[in-house]
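Next, two complexes with chain A in common: one pairs it with chain B, the other with chain C.
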Partner chain A sequence: MSKIRKSIYTAILAVIIIALMFFLEANKFRFGMAYTVIQKGLILSVVAVSMNLVTGFTGLFSLGQAGFMAIGAYVTAIFLIPADGMAEVYYISGVNPSIMSFKYWLESGPAWVQSMYPILALILGGLVAAVFAAIIGFPVLRLKSDYLAIATLGFSEIVRAIISSPQLDTITNGSYGLKKIPGFDSLFETFAIMAVCVLLMVLLLRSTYGRAFRAIREDEVAAEAMGINLSRHKQMSFIIGSFFSAVSGGMLAMFMRSIDSKTFSVSLTYDILLIVVIGGIGSVTGSVIASLLVTASKEWWLRFFDAPLYIGNFQVPLFRTGFRMVIFSVILLLVVLFYQRGIMGKNEFSWDRLSLRVRKLLGGRKRGAKNAR
Partner chain B sequence: MTITTLFQHILTGISLGGAYALIAIGYTMVYGILRLINFAHGDIFMMAGYFMIFSMATLPWQIAIPLVCILTVALGVAVERAAYKPLRSAPRMSIMISAIGASYLIQNLATYLFTALPKAYPEIPFLKKILHIGSISSSLVTFITPVLTILLVLALMFLIHHTKVGMAMRAVSKDFETAQLMGIKLNNTISYTFVIGSLLAAIGSILYFTDRMSVTPFSGTLPGLKCFIAAVLGGIGNIPGAMVGGFIIGICETFLVAFGYSTFSDAFTFILLIIILLFRPTGLFGEKMTDKV
Partner chain C sequence: MLDNILTMKDITMQFGGVVAVDNLSLEVNRGEIVSLIGPNGAGKTTAFNVITGVYAPTNGAVYFKGNMITSNFPKGSMKKLYAGQNRGVYTTTMRKTPDQITKLGVARTFQNIRLFKELSTFENVLIAKHMRSKANVFSATLGLNYKEERQMREETMKLLDILGLVEVKDEVANSLPYGQQRHLEIARALATNPELLLLDEPAAGMNPQETDELTSFIYDIRKKFNLTIFMIEHHMDLVMDISDRIYVLDFGKLIASGTPAEIQSNQRVIEAYLGVQDDGEE
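Showing the complex of A and B:
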């Protein structure tokens, strides 16, 4: 396919996406489900790509995403809850005075700075998580595959336990969680933040650092022999991945408007792992596509699994609350067992590949029709 | 803290540690043979709790306990056959993801079948009898657990060192391929490992939940992770080591809770894991392992 044609297609796709967003923004209430699902899918795609960066591209099997998301979410939430709503949120044990004075200082800033606060909050959340990642990464990244998985999983549980502990009641509101978090203004805002995050990660992966990450994934010893500093690159990938996980956690807090420590349990990490596996371990576009698809099917298309289903007067016995999640875990297992490359494998989206696929599909159908005759 | 409360805490800790030890053995055996963290092991342990609830609803405990053991073993072997066997030669990460998938499936299945609300664990009357020794008083299960654990470990050691199945297990854990060349049936041996691990998990779950009164679909996750750490602490692949690790973690946890740091008792276990892996990756009793390139 010629270059011009490809860029025309890309432009058309971009126009379609923008038009779709305009349409959804205008008809927010009529298509409420699609609106929420796309928004959540965009948010999860940030953390899915970041998990892919660490797990798929660098080969570090880290299961700490939920913990970093929790850090990002809590920092963002505390930053953004309006100062006069704080007393109502922390109605049980009161607010820590230094947080309160910080909030008053924030609200005294000029208006144009205040309009930047959501972005600043997300970045601050990411930075805090990155500091934590640097601290735990130093000992943890020396571990090999499954030990690393258990240690990071443990870290994420520790974060959750500390957030909900009564000692931190005045900061994180303990087990009551935070509410009244201001949300996104529009779908564009969500999309723009997501696009910037993913773009930054793609640029990183295309740089020499990204190539070094892939070399480490393929063969650590060979990579080291070629002069790649293993611990520095692993540390870097882990810290950057954690930063973006936390940004995604902050976005999730803004999306959900209220969070508590239970939101960030191990099953959140497993959900993201499901997205990464289905999208293809080692494919950024795969992760983005899969997070939209998985979120849509989970929250919307497959909802019917959870509701009682009647055919005539007969109630189908399996359909009730929780069945959806059973189906999802079966899908994860089936993909791992029988279709390990997921949607995209290690490839990225390209028009050439798509046209090849389409042509194959059409050709196959024609031949099939001939045979049928 | 008086001497009596001190002893009381030690006793509780040893009892908790005994249950942990039984679960940790399951991890250590599977890791020893497959080099795989059986993420689903904690959930198999949790399902054993549910099996007990439902069998005790209609049956007397004398029949219920063997039934629970059989069901748990069946579940453990089924997980191995469905999720691990097809991936014997796959890259390590796929096997790990498959293990996580199995754990996720069992949890979601339990939520679906039994709802996420805690279900009351049945009382086995004779285990709950209160005993008094000197000034210490506790239910019988607290006294039985450590004794039973040690007996089971002795029996297991005998099995591994003095029977043919045990010899096959040792061979497979040393070298997959050579063992196969020697005529050892790989899949059978691995299944036996899962049988033993799940059986011990079932017994451990009876002892663990009798003291805790209720089961939820997520009550296997944290004990599972802790028991894996116990296995690492004792030296992975080493059965008496896993027992000692279980006891150490049980006692430490009980004391942390007694001093009022219950929120941090979980955190402590993971910090312990990181410290062990950094300073003594082979655990307390593990053999020295060399990495092959």
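Showing the complex of A and C:
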């Protein structure tokens, strides 16, 4: 396929995406479900790509995503909750005075700076998580595969426990969670932040450092013999991955408007792992597509199974609240059993591949039609 | 004038009760092709792993171009054990990691090929250029090191051209035929700009014709890249043909060293390879 044609297709795709977003933005209330699902899918795609960066590209099986997301979410939330709403949020134990004075200082800034606060909050959340990643990465990254997974999983639970501990009541509001978090202005904002994050990670993976990460995934001994400093590069990948996980966590806080420590339980990490596996371990576009698909099917398309179903007077058994999760798990099992490579495998999206697929599909059908005759 | 590029001094490598390398001292001079031979399990690859920093030796020191790269000076009860071996030359324990040693100019290949299997030939070689990159992770992400990147790619293409791997540059390493995988591994090692190249059984699994080609290939790269070559090999034809000097290991101990002619007539070497003859006739 020629280059011009490809760029025309890309332009068309971009126009469709933008048009779709305009449409949804204008009809927010009529297509509320699609709007919400797409927004959440975009947010989860950031953390899915970051997990792919660490697990799929560097080969570090880390399950600490929920912990880093929690850090990002809490930092973002504390940063963004308006100062006069604080007392209401922390109605039980009160607010730490230094946080309060920090908030008053924030709100004394000029208006254009204040409009940047969501971005600043996300970056700050990411940086805090990156510091944590650097601290725990030093001992933890010496571990290999399963052991690393267990250690990072433990870290994520520790973060959750610390956040909900009564000693931090005046900072994190303990187990009561945070409310009144200002949300996104529009779908475009979510999309723009997601696009920048994913773009940065893609650029990183294409750079010489990305190649070094992949070399480590392929063969650690050989990578070291090629002069790649293993611990430094693993640390780097882990820190960058944690940064973007935390950004995604912050976005999730803004999306949900209210968070508590249970939001970031281990099952969140599993959800993300699921997205990465379905999208294809080692494929960025796969992660993005899968996070939209998985979110849509989980929150929307499979809702059908949760409502009681009647055929005539007969109520079909099993169709009740929660059944959708059973179906979802079965789908997951089928994917793992028969479709391990996921949607994209290790490949990225390209028009050439798509046209090949389409041609194969059409060609197959034509041949089938001839035979029928 | 000969100058030492690699010196191993009193190297002992012990794994629990097994002494894989026992008090090995050897020298490789600049520009030479030196072979390390010995029966299976003699400790040859272990010696390579000590040089490249994969293992820290139990005792002894390794010098590259006169600078110590790894050494272990036993302390406590171990000191007594090795009292006879230490000559007071090294009194410190230091260990450079494999990547640091590669940066100094020691490159290696592996006995069982260790390519980055799912990456292309081109990327395999390009990765070796990463360690010389001056860009940090931020500037590399934002593409600010585009000049360096372009230079890295050009150098890689040049290297692939010299080694005849240009036609397969976009193919996944795993899909290459065996001989080309061996070549690619050497190409990747050369991409780190080494002065000393360690080849671990480069002719393993090759037929006689391929082995002949390998001989000329090794001569060729030595000349083109100004290399010193230290290799482990089992093909005696190749070893005798190509080596300036040979070291022979048996059960971790150095049993002979010298020119190919000397080694061929050495009684102990013949015994190590063929087993001691039980002379019933005498």
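Structure notes:
By definition in this document, the second predicted complex is superposed on the first by the 373 of 373 C-alpha atoms of A that agree within 3 Å, B and C clash if a C-alpha of one lies under 4 Å from a C-alpha of the other, contacts with A are read in each partner's own complex, and residues count from 1 in each chain.
As a working rule, a contact is a pair of C-beta atoms (placed from the backbone, for glycine too) under 8 Å apart; a residue touches a chain by one contact, two chains touch by 3 or more.
Computed from a predicted structure; not experimentally measured.
Partners chain B and chain C fit side by side in the overlay (superposition on chain A).
Of the two partner chains, neither chain B nor chain C is touched by A:V131. For chain A, the partner touching the most residues, choosing from chain B and chain C, is B. Contact with both chain B and chain C is seen for A:V221 once the two complexes are overlaid on the shared chain. Within the superposed three-chain model, A:I162 lies in touch with chain B and out of touch with chain C [touch as defined at top].
By the touch criterion defined above, A:P139 lies against chain B but remains apart from chain C after alignment on the C-alpha atoms of chain A. Contacts of A:L302 after superposition: neither chain B nor chain C is touched. Of the two partner chains placed around the shared chain by superposition, neither chain B nor chain C is touched by A:L120. Once both complexes are placed on a shared chain A, the shortest Cα to Cα gap between chain B and chain C comes to 9 Å. Shared contact residues of chain A with chain B and chain C: 221. In the complex of the two chains, the chain B residues touching chain A come out as 36-37, 82-83, 86-87, 90, 92-94, 96-98, 100-102, 104-105, 107-109, 111-113, 115, 218, 221-222, 225, 228-229, 232, 263-264, 266-267, 269-271, 273-274, 277-278, 293.
Listed in rising order, the residues of chain C touching chain A in the complex are 52, 54, 97-100, 102-103, 107-108, 110, 114-119, 123, 126-133, 135, 137, 140-143, 145, 149, 152, 188-189, 192. Chain A meets chain C in the complex at residues 200, 203-204, 207-209, 211-212, 214-215, 218-219, 221-230, 236, 240, 346.
Contact residues of chain A toward chain B in the complex are 55, 59, 61, 63, 136, 139-140, 142-143, 145-147, 149-151, 153-155, 157-158, 161-162, 164-167, 221, 265-267, 270, 273-274, 277, 281, 320-323, 325-326, 328-330, 332-333, 336-337, 340.
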